[in-house]
Amino acid sequence: MQIAKVCGTVVSTQKEPSLQGVKFLLLQFVDVEGNLLADYEVAADSVGAGLDEWVLVSRGSAARQTPGGESRPLDALVIGIIDTVSVENLMLYRKRDQDR
Amino acid sequence: MQIAKVCGTVVSTQKEPSLQGVKFLLLQFVDVEGNLLADYEVAADSVGAGLDEWVLVSRGSAARQTPGGESRPLDALVIGIIDTVSVENLMLYRKRDQDR
Amino acid sequence: MQIAKVCGTVVSTQKEPSLQGVKFLLLQFVDVEGNLLADYEVAADSVGAGLDEWVLVSRGSAARQTPGGESRPLDALVIGIIDTVSVENLMLYRKRDQDR
Amino acid sequence: MQIAKVCGTVVSTQKEPSLQGVKFLLLQFVDVEGNLLADYEVAADSVGAGLDEWVLVSRGSAARQTPGGESRPLDALVIGIIDTVSVENLMLYRKRDQDR
Amino acid sequence: MQIAKVCGTVVSTQKEPSLQGVKFLLLQFVDVEGNLLADYEVAADSVGAGLDEWVLVSRGSAARQTPGGESRPLDALVIGIIDTVSVENLMLYRKRDQDR
(Lines give C-alpha, C1' and ligand atoms only; values in the text may rest on other atoms or scores of the structure.)
Protein backbone atom coordinates (compact mmCIF):
# COMPACT_ATOMS: atom_id res chain seq x y z
CA MET A 1 0.00 0.00 0.00
CA GLN A 2 1.03 3.59 -0.43
CA ILE A 3 0.38 6.60 1.77
CA ALA A 4 -1.57 9.36 0.02
CA LYS A 5 -3.38 12.59 0.81
CA VAL A 6 -6.91 13.23 -0.39
CA CYS A 7 -6.62 16.31 -2.60
CA GLY A 8 -9.75 16.29 -4.72
CA THR A 9 -12.56 14.46 -6.45
CA VAL A 10 -13.33 13.19 -9.94
CA VAL A 11 -16.91 13.03 -11.23
CA SER A 12 -17.99 10.83 -14.13
CA THR A 13 -21.62 10.22 -15.09
CA GLN A 14 -21.07 8.34 -18.36
CA LYS A 15 -19.28 5.24 -17.01
CA GLU A 16 -19.35 1.49 -16.65
CA PRO A 17 -22.78 0.62 -15.17
CA SER A 18 -21.23 -1.36 -12.29
CA LEU A 19 -19.63 1.86 -11.02
CA GLN A 20 -22.90 3.63 -10.22
CA GLY A 21 -22.63 5.17 -6.77
CA VAL A 22 -18.86 4.76 -6.48
CA LYS A 23 -17.10 7.88 -5.19
CA PHE A 24 -13.77 8.71 -6.85
CA LEU A 25 -11.15 10.51 -4.79
CA LEU A 26 -8.08 12.16 -6.24
CA LEU A 27 -5.09 11.17 -4.10
CA GLN A 28 -1.56 12.51 -4.19
CA PHE A 29 1.14 10.19 -2.94
CA VAL A 30 3.24 11.12 0.09
CA ASP A 31 6.89 10.16 0.38
CA VAL A 32 8.58 8.64 3.42
CA GLU A 33 9.53 12.11 4.72
CA GLY A 34 5.95 13.32 4.51
CA ASN A 35 6.28 15.42 1.33
CA LEU A 36 3.49 15.53 -1.23
CA LEU A 37 4.52 14.00 -4.58
CA ALA A 38 3.30 14.87 -8.08
CA ASP A 39 2.19 11.28 -8.67
CA TYR A 40 -1.46 10.67 -8.04
CA GLU A 41 -4.10 7.98 -8.15
CA VAL A 42 -7.85 8.19 -8.56
CA ALA A 43 -9.27 5.67 -6.11
CA ALA A 44 -12.68 4.46 -5.07
CA ASP A 45 -13.53 5.24 -1.47
CA SER A 46 -15.53 3.09 0.89
CA VAL A 47 -14.28 4.37 4.24
CA GLY A 48 -15.53 7.96 4.01
CA ALA A 49 -12.19 9.76 3.67
CA GLY A 50 -12.31 13.55 3.50
CA LEU A 51 -10.21 16.28 1.90
CA ASP A 52 -6.66 16.62 3.29
CA GLU A 53 -6.79 13.36 5.22
CA TRP A 54 -3.99 10.84 4.81
CA VAL A 55 -5.11 7.42 3.66
CA LEU A 56 -3.79 4.00 2.73
CA VAL A 57 -4.43 3.09 -0.91
CA SER A 58 -4.30 -0.42 -2.39
CA ARG A 59 -3.81 -0.92 -6.10
CA GLY A 60 -4.41 -3.73 -8.53
CA SER A 61 -6.87 -6.55 -7.93
CA ALA A 62 -6.85 -5.69 -4.21
CA ALA A 63 -9.16 -2.80 -5.10
CA ARG A 64 -11.97 -5.25 -5.79
CA GLN A 65 -11.74 -7.14 -2.48
CA THR A 66 -14.79 -5.55 -0.91
CA PRO A 67 -18.22 -7.11 -0.33
CA GLY A 68 -20.11 -6.71 -3.61
CA GLY A 69 -17.16 -5.01 -5.34
CA GLU A 70 -15.56 -8.11 -6.89
CA SER A 71 -16.74 -7.36 -10.43
CA ARG A 72 -16.12 -3.63 -10.64
CA PRO A 73 -13.37 -2.44 -13.02
CA LEU A 74 -11.44 -0.68 -10.25
CA ASP A 75 -7.67 -0.74 -9.80
CA ALA A 76 -7.31 1.53 -6.74
CA LEU A 77 -9.15 1.68 -3.42
CA VAL A 78 -8.85 3.71 -0.23
CA ILE A 79 -8.66 0.96 2.41
CA GLY A 80 -8.21 3.06 5.53
CA ILE A 81 -7.89 6.54 7.00
CA ILE A 82 -4.49 6.89 8.65
CA ASP A 83 -4.27 7.81 12.32
CA THR A 84 -0.49 7.79 12.68
CA VAL A 85 2.67 7.11 10.68
CA SER A 86 5.79 6.39 12.71
CA VAL A 87 9.27 6.23 11.16
CA GLU A 88 12.16 5.04 13.31
CA ASN A 89 10.14 5.80 16.46
CA LEU A 90 9.43 9.39 15.36
CA MET A 91 5.87 10.46 14.57
CA LEU A 92 5.78 11.52 10.92
CA TYR A 93 2.04 12.16 10.88
CA ARG A 94 -0.81 12.26 13.36
CA LYS A 95 -4.42 12.85 12.34
CA ARG A 96 -5.62 16.09 13.90
CA ASP A 97 -7.80 15.60 16.96
CA GLN A 98 -10.62 17.71 15.56
CA ASP A 99 -10.85 15.32 12.62
CA ARG A 100 -11.22 12.19 14.68
CA MET B 1 -7.18 4.85 -11.91
CA GLN B 2 -5.37 7.48 -13.90
CA ILE B 3 -6.71 10.52 -15.71
CA ALA B 4 -5.98 10.49 -19.43
CA LYS B 5 -6.94 12.35 -22.60
CA VAL B 6 -8.09 10.50 -25.70
CA CYS B 7 -5.53 11.41 -28.35
CA GLY B 8 -5.92 8.78 -31.04
CA THR B 9 -6.79 5.26 -32.09
CA VAL B 10 -4.99 2.00 -32.82
CA VAL B 11 -6.28 -0.45 -35.42
CA SER B 12 -5.32 -4.13 -35.51
CA THR B 13 -7.01 -6.71 -37.69
CA GLN B 14 -4.67 -9.66 -37.06
CA LYS B 15 -5.29 -10.17 -33.34
CA GLU B 16 -6.50 -12.54 -30.64
CA PRO B 17 -9.94 -13.79 -31.77
CA SER B 18 -11.59 -12.73 -28.49
CA LEU B 19 -10.77 -9.10 -29.31
CA GLN B 20 -13.00 -8.88 -32.38
CA GLY B 21 -15.04 -5.69 -32.20
CA VAL B 22 -13.00 -4.13 -29.40
CA LYS B 23 -12.12 -0.48 -30.04
CA PHE B 24 -8.63 0.59 -29.01
CA LEU B 25 -8.10 4.19 -27.94
CA LEU B 26 -4.71 5.82 -27.56
CA LEU B 27 -4.68 7.74 -24.28
CA GLN B 28 -2.10 10.16 -22.97
CA PHE B 29 -1.89 10.53 -19.21
CA VAL B 30 -2.63 13.87 -17.56
CA ASP B 31 -0.78 15.02 -14.45
CA VAL B 32 -2.36 16.54 -11.34
CA GLU B 33 -1.92 20.06 -12.74
CA GLY B 34 -3.71 19.16 -15.94
CA ASN B 35 -0.64 18.86 -18.20
CA LEU B 36 -0.43 16.19 -20.88
CA LEU B 37 2.34 13.65 -20.23
CA ALA B 38 4.39 11.65 -22.72
CA ASP B 39 3.30 8.38 -21.11
CA TYR B 40 0.41 6.70 -22.83
CA GLU B 41 -1.78 3.64 -22.69
CA VAL B 42 -3.76 1.88 -25.39
CA ALA B 43 -7.09 0.98 -23.76
CA ALA B 44 -10.27 -0.76 -24.77
CA ASP B 45 -13.29 1.51 -24.72
CA SER B 46 -16.82 0.55 -23.75
CA VAL B 47 -18.23 3.94 -22.78
CA GLY B 48 -18.00 5.67 -26.14
CA ALA B 49 -15.24 8.18 -25.38
CA GLY B 50 -14.28 10.60 -28.15
CA LEU B 51 -11.13 12.45 -29.22
CA ASP B 52 -9.87 15.07 -26.73
CA GLU B 53 -12.16 13.93 -23.93
CA TRP B 54 -10.71 13.25 -20.51
CA VAL B 55 -11.36 9.75 -19.20
CA LEU B 56 -10.65 7.47 -16.25
CA VAL B 57 -8.55 4.44 -17.19
CA SER B 58 -8.19 1.25 -15.15
CA ARG B 59 -5.22 -1.04 -15.66
CA GLY B 60 -4.45 -4.64 -14.85
CA SER B 61 -7.10 -7.30 -14.26
CA ALA B 62 -9.66 -4.52 -13.67
CA ALA B 63 -9.75 -4.10 -17.46
CA ARG B 64 -11.57 -7.43 -17.76
CA GLN B 65 -14.33 -6.66 -15.25
CA THR B 66 -17.03 -6.03 -17.81
CA PRO B 67 -19.99 -8.25 -18.76
CA GLY B 68 -18.61 -10.74 -21.28
CA GLY B 69 -15.08 -9.32 -21.11
CA GLU B 70 -13.65 -11.61 -18.43
CA SER B 71 -11.58 -13.70 -20.83
CA ARG B 72 -10.16 -11.03 -23.11
CA PRO B 73 -6.39 -10.40 -22.92
CA LEU B 74 -6.84 -6.71 -22.04
CA ASP B 75 -4.84 -4.81 -19.43
CA ALA B 76 -6.36 -1.32 -19.81
CA LEU B 77 -9.95 -0.09 -20.04
CA VAL B 78 -11.66 3.28 -20.25
CA ILE B 79 -14.14 3.05 -17.37
CA GLY B 80 -15.72 6.50 -17.56
CA ILE B 81 -15.79 9.86 -19.31
CA ILE B 82 -14.81 12.58 -16.85
CA ASP B 83 -17.19 15.46 -16.16
CA THR B 84 -15.11 17.34 -13.62
CA VAL B 85 -11.81 17.11 -11.76
CA SER B 86 -11.55 19.20 -8.59
CA VAL B 87 -8.26 19.73 -6.75
CA GLU B 88 -8.33 21.49 -3.37
CA ASN B 89 -11.76 22.93 -4.21
CA LEU B 90 -10.54 24.41 -7.51
CA MET B 91 -11.94 23.09 -10.78
CA LEU B 92 -9.01 21.61 -12.76
CA TYR B 93 -11.18 20.36 -15.62
CA ARG B 94 -14.77 20.61 -16.72
CA LYS B 95 -16.12 18.81 -19.78
CA ARG B 96 -17.26 21.40 -22.32
CA ASP B 97 -21.02 21.88 -22.42
CA GLN B 98 -21.22 21.23 -26.15
CA ASP B 99 -19.74 17.79 -25.55
CA ARG B 100 -22.26 16.69 -22.97
CA MET C 1 -1.66 -2.04 -23.69
CA GLN C 2 1.58 -0.63 -24.98
CA ILE C 3 2.82 -0.23 -28.53
CA ALA C 4 6.04 -2.11 -29.24
CA LYS C 5 8.24 -3.16 -32.13
CA VAL C 6 9.40 -6.73 -32.57
CA CYS C 7 13.20 -6.53 -32.41
CA GLY C 8 14.33 -10.08 -31.66
CA THR C 9 13.73 -13.46 -30.11
CA VAL C 10 14.64 -15.29 -26.92
CA VAL C 11 15.18 -19.05 -26.86
CA SER C 12 14.98 -21.17 -23.71
CA THR C 13 14.96 -24.95 -23.68
CA GLN C 14 15.23 -25.53 -19.91
CA LYS C 15 11.96 -23.96 -18.78
CA GLU C 16 8.62 -24.51 -17.04
CA PRO C 17 7.04 -27.55 -18.75
CA SER C 18 3.81 -25.65 -19.50
CA LEU C 19 5.78 -23.31 -21.76
CA GLN C 20 6.74 -25.96 -24.31
CA GLY C 21 6.08 -24.60 -27.78
CA VAL C 22 5.64 -20.98 -26.68
CA LYS C 23 7.52 -18.50 -28.88
CA PHE C 24 9.20 -15.62 -27.05
CA LEU C 25 9.56 -12.32 -28.88
CA LEU C 26 11.79 -9.48 -27.72
CA LEU C 27 9.81 -6.25 -28.00
CA GLN C 28 11.03 -2.69 -27.62
CA PHE C 29 8.44 -0.15 -26.55
CA VAL C 30 7.54 2.75 -28.83
CA ASP C 31 6.63 6.20 -27.47
CA VAL C 32 3.69 8.32 -28.55
CA GLU C 33 5.84 10.09 -31.16
CA GLY C 34 6.92 6.81 -32.71
CA ASN C 35 10.42 6.63 -31.24
CA LEU C 36 11.92 3.35 -30.09
CA LEU C 37 12.57 3.26 -26.34
CA ALA C 38 15.24 1.35 -24.41
CA ASP C 39 12.58 -0.41 -22.32
CA TYR C 40 11.67 -3.84 -23.54
CA GLU C 41 9.47 -6.80 -22.78
CA VAL C 42 9.83 -10.46 -23.68
CA ALA C 43 6.34 -11.59 -24.67
CA ALA C 44 4.69 -14.77 -25.83
CA ASP C 45 3.29 -14.55 -29.34
CA SER C 46 0.16 -16.19 -30.63
CA VAL C 47 -0.65 -13.96 -33.58
CA GLY C 48 2.41 -14.66 -35.71
CA ALA C 49 4.17 -11.29 -35.44
CA GLY C 50 7.40 -10.86 -37.40
CA LEU C 51 10.59 -8.84 -37.00
CA ASP C 52 10.13 -5.05 -37.23
CA GLU C 53 6.35 -5.19 -37.01
CA TRP C 54 4.54 -2.98 -34.52
CA VAL C 55 2.34 -4.88 -32.08
CA LEU C 56 0.06 -4.38 -29.11
CA VAL C 57 1.34 -6.03 -25.94
CA SER C 58 -0.71 -6.84 -22.83
CA ARG C 59 0.98 -7.37 -19.50
CA GLY C 60 0.01 -8.99 -16.24
CA SER C 61 -2.69 -11.61 -15.89
CA ALA C 62 -4.08 -10.53 -19.28
CA ALA C 63 -1.22 -12.52 -20.83
CA ARG C 64 -2.93 -15.75 -19.78
CA GLN C 65 -6.33 -14.99 -21.29
CA THR C 66 -5.96 -17.26 -24.29
CA PRO C 67 -7.62 -20.63 -24.93
CA GLY C 68 -5.47 -23.19 -23.11
CA GLY C 69 -3.06 -20.56 -21.78
CA GLU C 70 -4.71 -19.90 -18.42
CA SER C 71 -2.13 -21.79 -16.38
CA ARG C 72 1.09 -20.69 -18.07
CA PRO C 73 3.46 -18.49 -16.02
CA LEU C 74 3.39 -15.68 -18.59
CA ASP C 75 3.12 -11.96 -17.81
CA ALA C 76 3.31 -10.50 -21.34
CA LEU C 77 1.53 -11.39 -24.57
CA VAL C 78 1.41 -10.00 -28.10
CA ILE C 79 -2.34 -9.58 -28.62
CA GLY C 80 -2.36 -8.06 -32.11
CA ILE C 81 -0.32 -6.84 -35.05
CA ILE C 82 -0.90 -3.12 -35.54
CA ASP C 83 -2.21 -1.83 -38.88
CA THR C 84 -2.37 1.87 -38.03
CA VAL C 85 -1.75 4.27 -35.15
CA SER C 86 -3.45 7.65 -35.44
CA VAL C 87 -2.67 10.56 -33.11
CA GLU C 88 -4.80 13.71 -33.31
CA ASN C 89 -5.98 12.67 -36.79
CA LEU C 90 -2.41 12.28 -38.09
CA MET C 91 -1.14 8.84 -39.10
CA LEU C 92 1.81 7.99 -36.82
CA TYR C 93 2.28 4.49 -38.23
CA ARG C 94 0.94 2.41 -41.07
CA LYS C 95 1.95 -1.23 -41.65
CA ARG C 96 3.72 -1.44 -44.99
CA ASP C 97 1.60 -2.83 -47.79
CA GLN C 98 4.10 -5.56 -48.64
CA ASP C 99 3.74 -6.88 -45.10
CA ARG C 100 -0.02 -7.23 -45.14
CA MET D 1 9.97 -9.91 -4.40
CA GLN D 2 11.94 -6.93 -3.21
CA ILE D 3 14.28 -6.57 -0.26
CA ALA D 4 13.17 -3.96 2.25
CA LYS D 5 13.99 -2.75 5.74
CA VAL D 6 11.31 -2.30 8.36
CA CYS D 7 11.42 1.40 9.25
CA GLY D 8 8.12 2.12 10.90
CA THR D 9 4.43 1.44 11.37
CA VAL D 10 1.14 2.83 10.11
CA VAL D 11 -2.00 2.78 12.26
CA SER D 12 -5.51 3.06 10.87
CA THR D 13 -8.66 2.46 12.89
CA GLN D 14 -11.26 3.59 10.33
CA LYS D 15 -10.66 0.98 7.64
CA GLU D 16 -12.14 -1.83 5.59
CA PRO D 17 -13.72 -4.25 8.10
CA SER D 18 -11.79 -7.23 6.71
CA LEU D 19 -8.53 -5.56 7.80
CA GLN D 20 -9.28 -5.70 11.54
CA GLY D 21 -6.20 -6.99 13.33
CA VAL D 22 -3.85 -6.58 10.38
CA LYS D 23 -0.53 -4.95 11.30
CA PHE D 24 0.84 -2.46 8.79
CA LEU D 25 4.61 -2.07 8.54
CA LEU D 26 6.33 0.79 6.74
CA LEU D 27 9.14 -0.68 4.63
CA GLN D 28 11.88 1.12 2.75
CA PHE D 29 13.34 -0.68 -0.22
CA VAL D 30 17.00 -1.69 -0.27
CA ASP D 31 19.05 -1.68 -3.47
CA VAL D 32 21.37 -4.44 -4.64
CA GLU D 33 24.33 -2.78 -2.89
CA GLY D 34 22.51 -2.65 0.40
CA ASN D 35 21.59 1.06 0.37
CA LEU D 36 18.26 2.28 1.69
CA LEU D 37 16.09 3.83 -1.03
CA ALA D 38 13.47 6.57 -0.72
CA ASP D 39 10.79 4.30 -2.20
CA TYR D 40 8.65 2.59 0.37
CA GLU D 41 5.73 0.22 0.73
CA VAL D 42 3.24 -0.23 3.52
CA ALA D 43 2.79 -3.98 3.88
CA ALA D 44 0.79 -6.33 6.04
CA ASP D 45 2.91 -8.51 8.28
CA SER D 46 2.22 -12.07 9.29
CA VAL D 47 5.73 -13.26 10.16
CA GLY D 48 6.39 -10.96 13.11
CA ALA D 49 9.05 -8.72 11.57
CA GLY D 50 10.59 -6.06 13.82
CA LEU D 51 12.08 -2.60 13.37
CA ASP D 52 15.33 -2.51 11.34
CA GLU D 53 15.03 -6.10 10.14
CA TRP D 54 15.40 -6.85 6.44
CA VAL D 55 12.44 -8.64 4.91
CA LEU D 56 11.13 -9.99 1.62
CA VAL D 57 8.01 -8.22 0.42
CA SER D 58 5.56 -9.52 -2.20
CA ARG D 59 3.27 -7.16 -4.03
CA GLY D 60 0.07 -7.50 -6.01
CA SER D 61 -2.33 -10.41 -5.64
CA ALA D 62 0.46 -12.42 -3.96
CA ALA D 63 -0.26 -10.39 -0.84
CA ARG D 64 -3.56 -12.23 -0.40
CA GLN D 65 -2.14 -15.76 -0.63
CA THR D 66 -2.32 -16.51 3.07
CA PRO D 67 -4.78 -18.77 4.90
CA GLY D 68 -7.87 -16.63 5.50
CA GLY D 69 -6.42 -13.60 3.74
CA GLU D 70 -7.78 -14.23 0.25
CA SER D 71 -10.46 -11.54 0.43
CA ARG D 72 -8.55 -8.72 2.09
CA PRO D 73 -7.84 -5.62 -0.01
CA LEU D 74 -4.07 -5.90 0.46
CA ASP D 75 -1.43 -5.37 -2.23
CA ALA D 76 1.76 -5.87 -0.20
CA LEU D 77 2.82 -8.52 2.32
CA VAL D 78 5.95 -9.31 4.28
CA ILE D 79 6.53 -12.96 3.37
CA GLY D 80 9.76 -13.62 5.26
CA ILE D 81 12.44 -12.22 7.52
CA ILE D 82 15.78 -12.33 5.73
CA ASP D 83 18.70 -14.24 7.27
CA THR D 84 21.29 -13.60 4.55
CA VAL D 85 21.67 -11.93 1.16
CA SER D 86 24.61 -13.11 -0.94
CA VAL D 87 25.69 -11.31 -4.12
CA GLU D 88 28.36 -12.94 -6.29
CA ASN D 89 29.46 -15.10 -3.33
CA LEU D 90 29.90 -12.07 -1.05
CA MET D 91 27.66 -11.64 1.98
CA LEU D 92 25.72 -8.37 1.50
CA TYR D 93 23.64 -8.81 4.66
CA ARG D 94 23.49 -11.12 7.62
CA LYS D 95 20.85 -10.85 10.35
CA ARG D 96 22.54 -10.04 13.63
CA ASP D 97 22.92 -12.98 15.95
CA GLN D 98 21.18 -11.26 18.84
CA ASP D 99 18.09 -10.90 16.68
CA ARG D 100 17.78 -14.53 15.78
CA MET E 1 8.94 -11.17 -19.04
CA GLN E 2 12.28 -9.53 -18.37
CA ILE E 3 15.79 -10.82 -18.98
CA ALA E 4 17.87 -11.06 -15.83
CA LYS E 5 21.16 -12.48 -14.61
CA VAL E 6 21.38 -14.65 -11.51
CA CYS E 7 23.67 -12.73 -9.16
CA GLY E 8 22.98 -14.20 -5.74
CA THR E 9 20.67 -15.83 -3.24
CA VAL E 10 18.42 -14.78 -0.38
CA VAL E 11 17.83 -17.05 2.61
CA SER E 12 14.88 -16.72 4.96
CA THR E 13 13.93 -19.26 7.60
CA GLN E 14 11.16 -17.32 9.38
CA LYS E 15 8.66 -17.05 6.54
CA GLU E 16 5.15 -17.89 5.35
CA PRO E 17 4.71 -21.66 5.90
CA SER E 18 3.70 -22.25 2.27
CA LEU E 19 7.17 -21.10 1.17
CA GLN E 20 9.04 -23.99 2.82
CA GLY E 21 11.54 -25.39 0.34
CA VAL E 22 11.29 -22.50 -2.11
CA LYS E 23 14.68 -21.27 -3.33
CA PHE E 24 15.04 -17.50 -3.68
CA LEU E 25 17.41 -16.19 -6.34
CA LEU E 26 18.61 -12.59 -6.52
CA LEU E 27 18.34 -11.46 -10.13
CA GLN E 28 19.65 -8.28 -11.72
CA PHE E 29 17.84 -7.08 -14.81
CA VAL E 30 19.66 -6.86 -18.14
CA ASP E 31 18.89 -4.13 -20.68
CA VAL E 32 18.36 -4.62 -24.39
CA GLU E 33 22.07 -4.02 -25.08
CA GLY E 34 23.10 -6.68 -22.59
CA ASN E 35 24.17 -4.37 -19.76
CA LEU E 36 23.47 -5.26 -16.14
CA LEU E 37 21.06 -2.82 -14.47
CA ALA E 38 20.85 -1.81 -10.81
CA ASP E 39 17.22 -2.94 -10.63
CA TYR E 40 16.74 -6.39 -9.22
CA GLU E 41 14.11 -8.91 -8.31
CA VAL E 42 14.15 -11.76 -5.82
CA ALA E 43 12.44 -14.66 -7.58
CA ALA E 44 11.52 -18.22 -6.79
CA ASP E 45 13.31 -20.74 -8.95
CA SER E 46 11.92 -24.00 -10.21
CA VAL E 47 14.14 -24.61 -13.23
CA GLY E 48 17.48 -24.96 -11.45
CA ALA E 49 19.16 -21.75 -12.59
CA GLY E 50 22.73 -21.16 -11.46
CA LEU E 51 24.92 -18.16 -10.68
CA ASP E 52 25.69 -15.93 -13.69
CA GLU E 53 23.14 -17.58 -15.97
CA TRP E 54 20.66 -15.42 -17.86
CA VAL E 55 17.04 -16.25 -17.17
CA LEU E 56 13.51 -15.18 -18.04
CA VAL E 57 11.56 -13.87 -15.05
CA SER E 58 7.78 -13.49 -14.83
CA ARG E 59 6.23 -11.16 -12.32
CA GLY E 60 2.82 -10.76 -10.77
CA SER E 61 0.25 -13.54 -10.56
CA ALA E 62 2.16 -15.41 -13.29
CA ALA E 63 4.63 -16.39 -10.56
CA ARG E 64 2.04 -18.72 -9.06
CA GLN E 65 1.20 -20.62 -12.25
CA THR E 66 3.14 -23.74 -11.38
CA PRO E 67 1.78 -27.13 -10.30
CA GLY E 68 1.17 -26.84 -6.56
CA GLY E 69 2.29 -23.21 -6.42
CA GLU E 70 -1.08 -21.52 -6.87
CA SER E 71 -1.43 -20.45 -3.24
CA ARG E 72 2.09 -19.27 -2.49
CA PRO E 73 2.57 -15.52 -1.85
CA LEU E 74 5.10 -15.17 -4.68
CA ASP E 75 5.24 -12.31 -7.19
CA ALA E 76 8.32 -13.31 -9.22
CA LEU E 77 9.41 -16.62 -10.77
CA VAL E 78 12.28 -17.80 -12.94
CA ILE E 79 10.43 -19.48 -15.81
CA GLY E 80 13.36 -20.49 -18.00
CA ILE E 81 17.12 -20.51 -18.46
CA ILE E 82 18.00 -18.53 -21.58
CA ASP E 83 19.98 -20.20 -24.38
CA THR E 84 20.13 -17.27 -26.79
CA VAL E 85 18.93 -13.68 -27.17
CA SER E 86 18.88 -12.33 -30.71
CA VAL E 87 18.34 -8.63 -31.49
CA GLU E 88 17.89 -7.58 -35.11
CA ASN E 89 19.50 -10.83 -36.25
CA LEU E 90 22.60 -10.29 -34.09
CA MET E 91 23.32 -12.64 -31.20
CA LEU E 92 23.26 -10.57 -28.00
CA TYR E 93 23.79 -13.54 -25.70
CA ARG E 94 24.57 -17.23 -26.00
CA LYS E 95 24.78 -19.57 -23.02
CA ARG E 96 28.31 -20.90 -22.77
CA ASP E 97 28.74 -24.43 -24.07
CA GLN E 98 30.25 -25.70 -20.86
CA ASP E 99 27.11 -24.66 -19.02
CA ARG E 100 24.71 -26.57 -21.22
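As written, the chain order gives the labels A, B, C, D and E, with residue 1 at the start of each chain.
The rule we apply is simple: a residue touches a chain if its C-beta (ideal position, glycine included) is under 8 Å from a C-beta of that chain, and two chains touch if they have at least 3 such contacts.
Being a predicted model, the structure only gives us computed values, none of them experimental.
Participant: Both subunit C and subunit D are touched by which chains?
Facilitator: E
Participant: Using mean C-alpha positions as chain centres, tell me how far subunit D is from subunit E in Å, no decimals.
Facilitator: 21
Participant: For subunit A and subunit E, let me know how many angstrom lie between their CA-based centres, rounded off.
Facilitator: 34
Participant: So which bits of subunit E are touching at least two other chains?
Facilitator: In subunit E, 60-61, 63-64 touch at least two other chains.
Participant: Quick check of your reading of the touch definition: is the inter-chain graph here a line, ring, star, complete or other?
Facilitator: Its topology is that of a ring.
Participant: Can you give me the ring order of the chains, beginning with subunit A and going next to subunit D?
Facilitator: A, D, E, C, B
Participant: Using the touch definition from the top, list the residues of subunit C that touch subunit E in their complex.
Facilitator: Interface residues on subunit C, with respect to subunit E: 7-16, 18-19, 24, 26, 28, 38, 40-43, 51, 60-61, 63-64, 71-76.
Participant: Considering only the defined contacts, which subunit C positions touch subunit B in the complex?
Facilitator: Listed in rising order, the residues are 1-3, 31-32, 46-48, 56, 58-66, 77, 79-89, 92.
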